[in-house]
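Just so it is clear, A, B and C label the chains in written order, and each chain counts residues from 1 on its own.
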Amino acid sequence: MHWLFAPGLLASAPVRQALLLGFLIALTAAVVGVFVVVRGQSFAGHALTDVATTGGAGAALYGLTPLVGFLTGAVAGAGAMELIGRERAQRRDVATGVVLGGATGLSGLFLYLSATTTSSTGVTQRVLFGSLFSVSSAMVPAALLIGALVLVVMAIVARPLLLSSVSPDIATARGLSPLTLGLAFLLVAATTVGLCALAIGSILSTALLIGPAAAALKVTRSLRSAIIVASVLGVAATWAGIVLSYDSYTWRSSHQGLPVSFFVVVLILLTYGLCAWRRARSTRV
Amino acid sequence: MTDTPVLAVSNVTVSFDGRRVLDDVSFAIAPGEFTGLIGSNGVGKTTLLRVILGLQKTSAGTITINGQPRAKAHSAIGYVPQRVSVDPDAPLRARDFVALGLDGHRLGLRRRSEESRAKIERVLAAVGAGSFADTRLGELSGGELQRILIAAALISDPSLLLLDEPLANLDPRSVQEIVALLHRIAQDFQVAILLSAHEMNALLPVMDRIVYLTAGRCASGTTDEVVQSDVLSALYGHHVDVLRLHGRVLVVAEPSDDVDHLPSHATLNLDA
Amino acid sequence: MFSGFMIHAWEVGTIVAIVAGVVGFFVVLRDSAFPAHAIPNGAFAGAAGASLIGVSTLIGLGVFAAAGALAIAALGRRTRNDVATALVLVGILAVGAAFLSQSTSYEPEVFSLLFGQILGVGTNQLLPVAVVGLGSCLIVIALARPLLLSSLTPDIARARGLRTDGLNVVFLLIVAAVTTIAVPVVGTLLMFTLMIGPPAAARGFTKRPVVALSLSALIAVVVLWAAIASAYAMNWPVGFFVGIFSALAYGLSRLWQWRR
């Protein structure tokens, strides 16, 4: 088994921490992601990650913890999307694009200043593409707590949220408020994006959010099984990514490994492709 | 029909997933004829129009336009779709869109000639668009947009103007206005008109020909020839009554228990 | 700031801006914000891979941008809600990140690819940029009317005999071409801002198509000139200023519309 589990894998503290964090983040992402896909909000998810980038870059520049930066950015992004969301469809896309452009430009500035004025190196890589192994242990309890909180909230609102996503009129008739639920969910999604950014970087976090969920929805129709399948796929991809990344340091003599995020994203892509292919085959008569 | 028909539909059949949406449909339209394609929703009107426009392939049958095969006759038909969604911010005025009807398929950005600009003015006047010709396309009301679409289709000198459900969702007064407008255009511009609708009464005063479509089969001829109890009963495959009252026509179809016993050839072309 | 290597920056910048403005006019019209975002991301991976194997970044950009354009055309007109295209996008970025992690000069490379830098413009790149840029412009202007018609009312366009699918492929390849020449200056992440902001602003100021097209190019040029000058003065990335000034131009246009 040595080719898969390189020596010292489970003995290494950063790896164990990464496995723990990865587990919870992937789980949270899977649960929230299923709703994101069901509500057809994949693009919103992508937009949130761009603004999360700005937050993360700003935090790196001013020496704040990355998690705070990502979360602030994502939540601010959620606020901006709400405001823009009042517009007509085509104008909304343009406005979103322009706002994202501004936010991304700001990220560029923050990252540049980090690189040139502070002594920390590799900030760009860390913020954009993640480095799960170097998350400081002080942050782990906070991340775990936030993840757990998101899961609890989702358990409470799952049914009303599903109803208002699928049929807002019926939901309103039953006394729910689709608008409030929608806004609350956007905040939940933003928080989840912030967590994902911690694990695999802000630019790539969309993959963890919607990938396993979309794959699960291709092979199952009920909400409960979709959540279970998505969680299994997401956690499996994350753990496999961690293991492979650790292994990859031993592949080349230069000891330059490949990032966790690369493996995670590729695995998620492959899983989705497999599920989509299976679905296409089974629906062809 | 002595002249070459503007449109000749011959034995057109279209099948989706083994289901025949159009079944051996044939009819012809003479130059300048005002034709109504009448049928309720789902009988195949839109499919038939798309076949005529070359947007839908047939399993069998041919379409000729002015005697030429469909594939070669792109500019002979002016198409007015039922619905068009336009970005409200798109930077062009109503008259710019009409101009595209003239040269939207040509390369280059050459300035339009005097003659072209005169044509644009002429069709804008013909549809009564003088007051909103310079408004942004996306800011037009539904009725205004419809008139602009008609103008854009008209400007390329088509032999046939084809409109998909232009009267749907209109109040009775607007229906009358559009029908009168189309009748005027048919005469002033010497163009044949084919429009689809699910109700024939508003068109009775102006229709030269009716193509009555049900479950993929059709009967074609003048209203007096086609809208008769025996003709429509044969078409539907079960008993149908036709009532005429105060110049209006009402087709009453009894629900039938066995819908399987339908005649196989129910295309009746009463001009042959 | 008008001597030495900066002259090339101004020359290339002007060409890039004009082309981005002209092509961007149609990107916004066709609601193609997604391909405008996706193709530069694909180009990122290509550039990263090229630098890894020692090939010119311009070639890496060009090849991957064109491949991305063709892939998007083949996938059909998916809406941006489609998960598949989002995942492929992110996947390509991850591959690019992997390429970059293998080279020793990681951080500066990532940075200039994503956010652009003035110094990314070398002498020997002026000719290819001019040829590709002006060529793209000419093609787009020649196809202007069919593009306009097929963007607004695809059914009518097809009924008139226009090949809307072929037009789409050509258009996406043009976007790929613009990406190739613009990325070294503006960066992959900000490129689409230059293609969306100025045209979106232009359409707020006028309702006449030819005027809007010209204004779109003009605003793009002003934005990029201001960005280059500011980047030179502050020594900050060009992409940052492009993002900010594009947003500013768009904001002014919205303000203008609101006040009328």
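By definition in this document, contacts are C-beta pairs under 8 Å (C-beta built on N, C-alpha and C of every residue); 3 or more make two chains touch, one makes a residue touch a chain.
Owing to the predicted nature of the structure, the values given are computational and were not obtained by experimental measurement.
The interface carrying the most C-beta pairs in contact is the one between chains A-C. Put simply, the chain closest to the centre of the protein, by Cα centroids, is C.
Ranking all chains by how far their C-alpha centres lie from the centre of chain B, first place goes to A. Averaged Cα coordinates give chain B a centre that lies 42 Å from the centre of chain C. The geometric centre of chain A is 51 Å away from that of chain B, both derived from CA atoms. One inter-chain figure worth recording: chain A and chain C are separated by 27 Å, centre to centre, where each centre is the mean of the chain's CA atoms. Residue positions of chain A touching 2 or more other chains: 90, 94.
Residues of chain B in contact with two or more other chains: 87, 89. Each of the following residues of chain C touches two or more other chains: 31, 200. Partner chain A is touched in their complex by these residues of chain C: 28, 31, 33, 37, 80-84, 86-88, 90-91, 93-95, 97-98, 100-102, 106-108, 110-111, 114-115, 187, 189-190, 192-193, 196-197, 200, 236-237, 239-244, 246-247, 250. Every residue of chain A that touches chain C in the complex is listed here, in rising order: 37, 40-43, 46, 90, 93-95, 97-99, 101-109, 111-113, 115, 121-125, 128-129, 201, 203-204, 206-207, 210-211, 214, 256-259, 261-262, 265-266, 268-269, 272, 276. Note for the complex: chain B touches chain C at residues 53-55, 74-75, 77, 79, 81, 84, 86-87, 89-93, 96-97, 100, 103-109, 136-137, 152-153, 156. Interface of chain C with chain B (complex): residues 29, 31, 141-146, 148-149, 152-153, 155-162, 200, 202-204, 206-212.
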